[in-house]
Amino acid sequence: MEFTNFISYFFIAIVVVASSGIFLTKNVLYAALLLVFSMLGLAGIYVLLNAEFVAVTQIMIYVGGVLVLVVFAIMLAHNYSGKPLVVENNNLKLGLFTVVLFVGVVGYSISGVHYAVQKEQDGANSVEAIGVQLISRNLLSFELIAVFLLVSLVGAIYFASKIRKT
Amino acid sequence: MEGIDFNIALIHYILFSGIIGFVIMSVISFNKRLLVVLGTALALSQCLAACWVYGFIAQNGSLSSSVNWITFQSSTLSLGYWVTTEAALMLCVVTLVSTLVNLFSSVYMGKDPGIRRYYSYLSFFVFAMNGIVLADNLLMLFVFWELVGLASYLLIGFWFDKLPAAKASMKAFLMNKVGDVGFLLGILIVWSNWGTLDLEVLKSMDLDFNNAAVIAAGAMLIFGTIGKSAQMPLSAWLPDAMEGPTPVSALIHAATMVAAGIYLLGRIYFMLAPEVLVALAIIGAVTAITAALTATKQFDIKKVLAYSTISQLGYMVMGMGVGGYAQSIFHLTTHAFFKAGLFLAAGAIIHHLHHALEQQKEPVDPQDMRIMGGLKSKMPFTFVVFLTCTLALVGFPFTSGFLSKDSIIHQSVEWANSHGGWTFIIPIIGFAVVGITAFYMTRQLLLVFFGEPRHEEFSSTTKPKPSALSFSIPLGILAVGSLWFFYSMNPFSAEKSWLVRSFSDANYQYPPVSHLLTSGIALTLLAAGVVFGYTRFGKAEQGMQLDEATTWNNRLLRNNWFQDKILHSLVVGPILRLAGLTVAVEKKIIDAIVNAFGVMMVVLGKVSNIVDRLVVDMFVSLSAKTIGAGGQAFRSLQSGKVYLYITYAFLILITLTIILIY
Amino acid sequence: MNWLTILIFLPILSALVVGLLPTGAYLKKINIAVAGLQLVVFSWMAIGFSTDVPTSSEYSEASFQFVERANWFELGLGANNSLDVDYFVAVDGISFSLIGLSIVILIIAAVSSLSIQKNIKGYVVLFLLLNGAIIGCFAALDLFLFYLFFEFMLLPMYFLIGIWGGPRREYASIKFFLYTLLGSILILIVLIALYSSSYVPTGVEGVYSHSLNLIDLSKAANYHVEGLLHAEQSGTLLGLTWRHWAFVLVFIGFGIKLPMFPFHTWLPDAHVEAPTPISVILAGILLKVGGYGLIRMGYMLFPSEANDLAWWVALMGVISIIYGGLNALGSNDLKKLIAYSSVGHMGFVLLGLASATSEGVLGATYQMISHGLISPMLFLVSGVLYDRTHNREINNYSGLASKMKLLTVAAVVAFFASLGLPMFSGFVAELLTLLGSFKSGATNGLLPHWMPVVATFGIVISAAYALWTIQRMFFGPFSVKEQSWSDQLYDLTSREKFMLFSLAGLILFLGVFPSFLIDMLDQSVAQLLILMQN
Amino acid sequence: MMSLEPFLYLAGFMFAIGFAVLVIKRNAIFMLVGLELMLNAVNLNFVVFSKMHGTVEGQVVAVFVIVIAACEVAVGLAIILNIYKHFKNIDHHSINELKG
Amino acid sequence: MELKNLLENQIVLLKDFLPVGVMALGLVVLLMSELTALKTRYPNAFAWIFIVFFSVGPLFVEPLSVLEAKGSFNILLSLSALVFGLQNWSLTDKSRQNSEYYALVGSIFIGAYVLLNTSHFLVAIIGLELMSIPAYLLTCWNTKKSSYEAGLKYFIYGGFSTAVLLYGVSWWYGATGFLELGSIEVLVVALNQSSTPFVLMTAGCIVIGLAYKIAAFPMHFWSPDAYQEAPTPVVGLFAVVPKIAGFVFLEKLTLVLMGTTHWQSVQKIYLLLAVLSLLLGNLAALKQNKAKRMMAYSSIAHTGFMLFPLLHASESNLSYFHFYLVLYAFMNMALFLFLDYYERKFDVSSLVDFKGLGSKSVFMGVLLLILLISLTGLPPTGGFIAKLLIFTGMYEGLVQSGDLIFLFILILAGINTVIALFYYLKIPYFMFMKKEAVVKKINPKSFLVVNFLGFILVFLITVSFFMPTWLMGIINNVNFVQ
């Protein structure tokens, strides 16, 4: 079991480094790229927790779709403004204070949580289980997410058309 | 018996004819002649009815009847009559004097445009006065007490377009009101302790005098007298009341209204505890002496008579105080006649001077004695009347005044003997007042009637047209009324007077001390007063300079012991300042405190600003984001920066969870 | 058809009808006609009204007349309890005479509003709504209905002052609305406490319901044991039991309406800015609603608590008398002076109520009616002057008597009635109140003796400012601030004469023959006192 | 079974960092990045708990959250680019015309 | 094969979400109609489609039995959809003539319907998102600089609170293992085992997420800007639809939390939210001079008012809460209907523009006055009954729990009513008491539909004063928690 512990700590390290990197960097592009690394780290963790399907969706949708979109937007935005990519911090002290406070509260309360039953994984392939779940128990949310996708895309496209007419 | 119902009907007539007269005369506008005839006839009929009632009462004792005014569960407040001999006597006096005044003012007020209003007010006054006389309970007494106050307010302020008259009427009513409030408190005490205000019932209860409530009630009730009969603390209004027409002064401020105070004492005499009587004696004496002294320095003919009235009223109150119940009432009756006579005579003089001064360019006050003089030859009849009434006032033998005044002095000497010690001051003051009265009356006689006429206008005119009949009849009757025989056969002994004997408590008997001693002292003092007066005012001009000299006592007495100034600085001034203060308080403080919303919002605005600045600036040196003025309240939170919103929200919620955890 | 319901809904329906009619001066005539019709109905009811209703140990439907009770709605609140509110309208001596007073004042105000020119239709509609709300308020015996009419009066009043008022009308009207609303919020809280802890047995065995009916609430048996307002409820807050707190809230709530000392600051502003007919109604009727409400909700539902706190109620009354008097003495605006005199006079109502003696309470109710006649007359006098010269400063006029004879007569009558001269109704009221409050010191020991004594000083102060005003304005030589006024100061028109002298006649009648009104009040006051004494 | 505690702490940490980025950085796109971080932290939580409870429901939720996040980003960018067109810069901190 | 029967019982479960299907169909039809030239021939085509699919359709499809069971709020949603459709009936503004506008609004209704009727967290979150995303877009609909700014703020705020909500739900799932709110006993047992701070944190996060939707105090910052910038009919939706859905779900959450032992401290969170939003709402509204912004703050105040019954969620308190919610919905629908009418007819945006309008449109002026009186809570209107019931609920809380907090709330609510009167009266004050010399352009078009609709709504509100039983009857027989 030694190996899995090592791997898990490895991935945790990647994610921690990447996300703190995002916080520290001033450049938007670096932030986007660091986000990619943290996403990949997370995908690895998912695999460890044998949630393969989630890992795959994570990589495909998040890394593939969303971040590409973000990078594309950064490029588009900055060439319009001509301003440098660098961005200063603002509201640092108050923000930090709130974050530290939040971490304190969460840390304190996590220790008090009592988990429900701690059952052994039944080994079934998670992809097939998710598939069955999607159709049977969460059929409603499955349909709704479809409507949600439709609406947000319609809206996004409508407003995207507005950008062009400058 | 047939007699009683008839008499009660008569009493109804006497009382209500006044108010009916008031209504008729003020609503229907008669021409002058008809108005005068109607007014006088009405008064005369009342007088005859009163005498008839007196005759009836004299034979078979008191008469009473009452009707329920307000009835509620447990008790009732009623109005009714309790006609005793004093009541009947007073009734006759009031109605007689009002008839004479009505007659007199037909000419005196002849040319005045508001004569209709004048006659209706007179009739209303008689109605109110009769109400007081007939009242059988304290409530009715109080009701008519205030109505008389209203009547005097209207009559003093008759010439309302003259500012001093308006001010005088207000002053009169207010000072009466202060007295009435004391009276009302007395009624409250009586009602709360004995549950009834009916005098006959109260009398039958024979309340014992060492019960605190009785003393308190007595003390409060005499306040009414002090207010109405212008006793010492509240006597400032009577001299100013002279602003009203002279017949009014004659009727109201000499004979009837001011006497109501004494009559009230008579009515509630059975309730007055010894301590209260002593107080009365002192107040009476003090008033008598101060008013008499003031009278010596007055120049206005009516003011002299006004102060003499106050002094005589003080005398009567002193009489009551020393136990001379019957003597005071007797003096009240006689005083009504000769004082009314004096006032009407003064009225005739003023009327005459008024005619003469008509053509004068610059306004001269017809009432000022300094311009008079030598009228003896001009107005002989008025002089005779004036002289007889003065003699009566001074207490010269063979006059009614002698009988009534001396009886009071006897009583006070008698009282002082029985009480001893310091109480001897009262008779001494009594005697002193006799002397001073003699002095100022002779001063007035000399200034007005003797010596050469000082004003060139009079000397030149021919003999004045003979005084109208309507002047001479009243003056004549009043003059005769002030002689002795009308009251008792023997000019020297008062107790044989039919009037004194007819009083309800017949056990009055003449004081044992030698009657002649006190009369002797009184007469000598009288003579001294006359001689002193003659020496001082033999030659009028020299006397007048003496009086006008600005020595301290002249100023003191001319301003009636500075009562007006004291009254203003001690009472009127502070109340007005207090009123000004409350208005200021109202504007600034009360409005601000109670107007909570403005304050709350401003406070909340401030609080939230402080919190806002504290929380934000502590950690972040924000750019010069100015926070709006007080009313900005939470708007400053709404600073438009999204990140601020989120941090605020999150911060507040986290701090809350921490608080809740502990 | 119950006469009371007609009296209430006649104006409201006619308001709706007028709302549809085209605007025009004739609407003001309709306004007077409606009020006249109400007077006819009222006098018809007065004939039928019996003044000797037997008093029983507890209030019951028998102690009221012209009773009309119809079920309005049962609001199911969760499973077991329901709030059942019914349209319960009835009248006893006090409320019947107050309705009579309001109808008279409404007629006078309708006649005096003939001088209104600005958008007449809105004015008449609001006037009629106010009319209906007032009558409803006095007739309602169900707290919900009472509260509905009590609040429904505010809106028309707000607009009537706000649109047709004087220069600072907006401020005055919003201040009036906010003060009275704060008062009514306090009353609402008590109303809720009452019906939540009421536990009235309905016909069906074992089924209880919450009710807001005044008669049920006045009986101690009808309260739920755990409810806060149960007689034996022991829980206290800051030393006072919950029932005492309820009385305090009701007292403050209605104290704001009957302007009591600390909460009276809205009255002078509202009066100074309101147009004459509206300030006649405000002074004549709306102040009485405060007093009436205090009697109904305060003294009828919490009699023993009222006695415990009688000392404070009387204290507030006495302070109002003195404070009102002094302020009147100090103010130089005629309407402000009359407003403060109202604060003073209404202080007597509190003093009388607190004394819990038959004379005292009778004096209080009598004072409400007599003040309801006197102060409108005073306002009409000031209105007559204001209509001519648009100026109310006392010092700007002097010697008006020589120019305006009849106005002077009316003013003298009004001012002397207000200072309590015997022939007028003010005297009877103040006499009874003082007799009662002094006697209460001796009999039930509620009020100390010094309070009526201080109240009598109040009378002297009121005499002072009344006479001083007459002397400054009416007597003395004629001189007016601006010369242009002297020709405008013509004497009373026939309309003004009708208004002033009908009021004067009523004041005189109630002053000389009080028994006519006292017999009517006597029984209901006795019934109230039975509750307060045991 | 390896203990799942560290993952939960990691999720907490990521959430905090996401919040920090959201609040502190002056750029709208940084805000989006912060949001993504926070949502990923939530996903991690869900996956960890679904493993703990042995059911698959947590993972289903995680998938849905990813989809929602994707749509949000799409809509967010649409708005941001429009903002950008009007304000000529992307720094959302200085956009505060709407006051009060 | 078990897949097939799995599918069958799921279909049964889905049956009560059939209306969502109808609405989804509506969306598709709307988007398709964009292609056809329908728009040119009849201008109101989209409004017609919208009404058919979003207000009449769902009701029609819903089986009657289910409707009684939990119908009142669904009916309310359909009613507000109807009002929205009619409000945009004779619309001249070009930008609102396209189908995207109606599609986005339609999806808000879908989201609201889902959130209203579900007690499963995941479905709730998706419903919440379905409501929020279109809301961000609709706020920017006027494509003005300020509306984009408002949209961005709304978006960032919404994203943040969704993330927090999800975080809370994840911990809730962690602790209890269930995402269903249905089985209260199991959840309560699970929650009782965890420590109070944990439950506080979890419940706190979830409540923040929902508080954002109902615009309670800490999470209200977006609403004034969004209300000011979004097109007025949409603002009418913002004030009604998400609030109803958010509150109903919050109520289901409260029913669970009330059972736990930690309820005493969780109640404090509700208390803070309620008191601060009531106080802030009223005080900030005093200083506003834009009509819609003032109404945003007033709706925050009403949110605070509606949170009070949840503090002591006894059975009667909940029926008061529903009564107030339904009445609040009617009042706000009517309010924004009137604001829209005045905006389109007299181009009114700030309070001062109301000057002198009282004489211009007396009918609508009087109706608006009655409505504002009802919002303040004065007797002759339904608002009074609602306020009275909330006060009764507080009083019962005081009696039953003996906790003096309720007395404090009673007094605070009383004072706030008076403050509310102050700013609600500003509009009639300007309308009736001030005279306007010159009125800006008056849109000659007759607004018959809008007037009639306004009259119906105000009539409904006043009738509910005189006959509150009909409204309470419908509410009472609806039991929410399946």
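Worth a mention:
We just call them A, B, C, D and E in the order they show up, numbering each chain from 1.
Quick note on the criterion: a contact is a pair of C-beta atoms (placed from the backbone, for glycine too) under 8 Å apart; a residue touches a chain by one contact, two chains touch by 3 or more.
Source: prediction; values computed, not measured.
Note on connectivity: the fewest chain-to-chain touch steps from subunit B to subunit C number 1. Among the chains in view, C has its Cα centre nearest the centre of the complete protein Cα set.
Among the remaining chains, B is positioned farthest from subunit D, on the basis of C-alpha centroids. Most remote chain with respect to subunit C, judged by CA-atom centres, is A.
Counting C-beta pairs in contact, the chain pair with the largest number is A-D. A straight line joining the Cα centres of subunit B and subunit D is 96 Å long. We define each chain's centre as the mean of its Cα atoms; on that basis subunit D and subunit E are separated by 27 Å. Centre to centre, using the average C-alpha position, subunit A and subunit B are separated by 102 Å. Averaging C-alpha coordinates per chain places the centre of subunit A 31 Å away from that of subunit E. In subunit C, the positions touching at least two other chains are 178. Across the assembly, subunit E contributes residues 122, 126, 129, 133, 137, 140, 143, 152-153, 156, 160, 171, 174, 177, 196-197, 200-201, 224-225, 287, 415, 418, 422 that each touch 2 or more other chains. Across the assembly, subunit A contributes 90-92, 94-95, 98, 102, 105-106, 108, 110, 115-117, 137-138, 141, 145, 148, 152, 155, 159, 162 as residues in contact with two or more other chains. By the touch criterion given at the top, residues 1-2, 4, 6-10, 12-21, 23-27, 29-30, 32-33, 36-37, 40, 43-44, 47-48, 50-54, 56-57, 59-60, 62-64, 66-75, 77-82, 84-85, 88-91, 93 of subunit D touch subunit A in their complex. If you check the complex, the residues on subunit A that touch subunit E are 105-106, 108-117, 132, 135-141, 143-145, 147-148, 150-152, 154-155, 158-159, 162. Interface of subunit A with subunit B (complex): residues 90-95, 97-98, 101-102, 105, 108.
Note for the complex: subunit D touches subunit E at residues 8, 11, 15, 18-19, 22, 28, 31, 35, 38-39, 41-42, 45-46, 48-49, 52-53, 55, 57-58, 60-61, 64-65, 68, 71-72, 75-76, 78-80, 82-83, 86-87, 92, 95, 97-98, 100.
In the complex of the two chains, the subunit B residues touching subunit C come out as 68-74, 139, 142-144, 146-147, 150, 157, 160-163, 165-167, 169-170, 173-174, 177-178, 181, 184-185, 187-189, 191-193, 575-576, 578-583, 586, 590-591, 593-595, 597.
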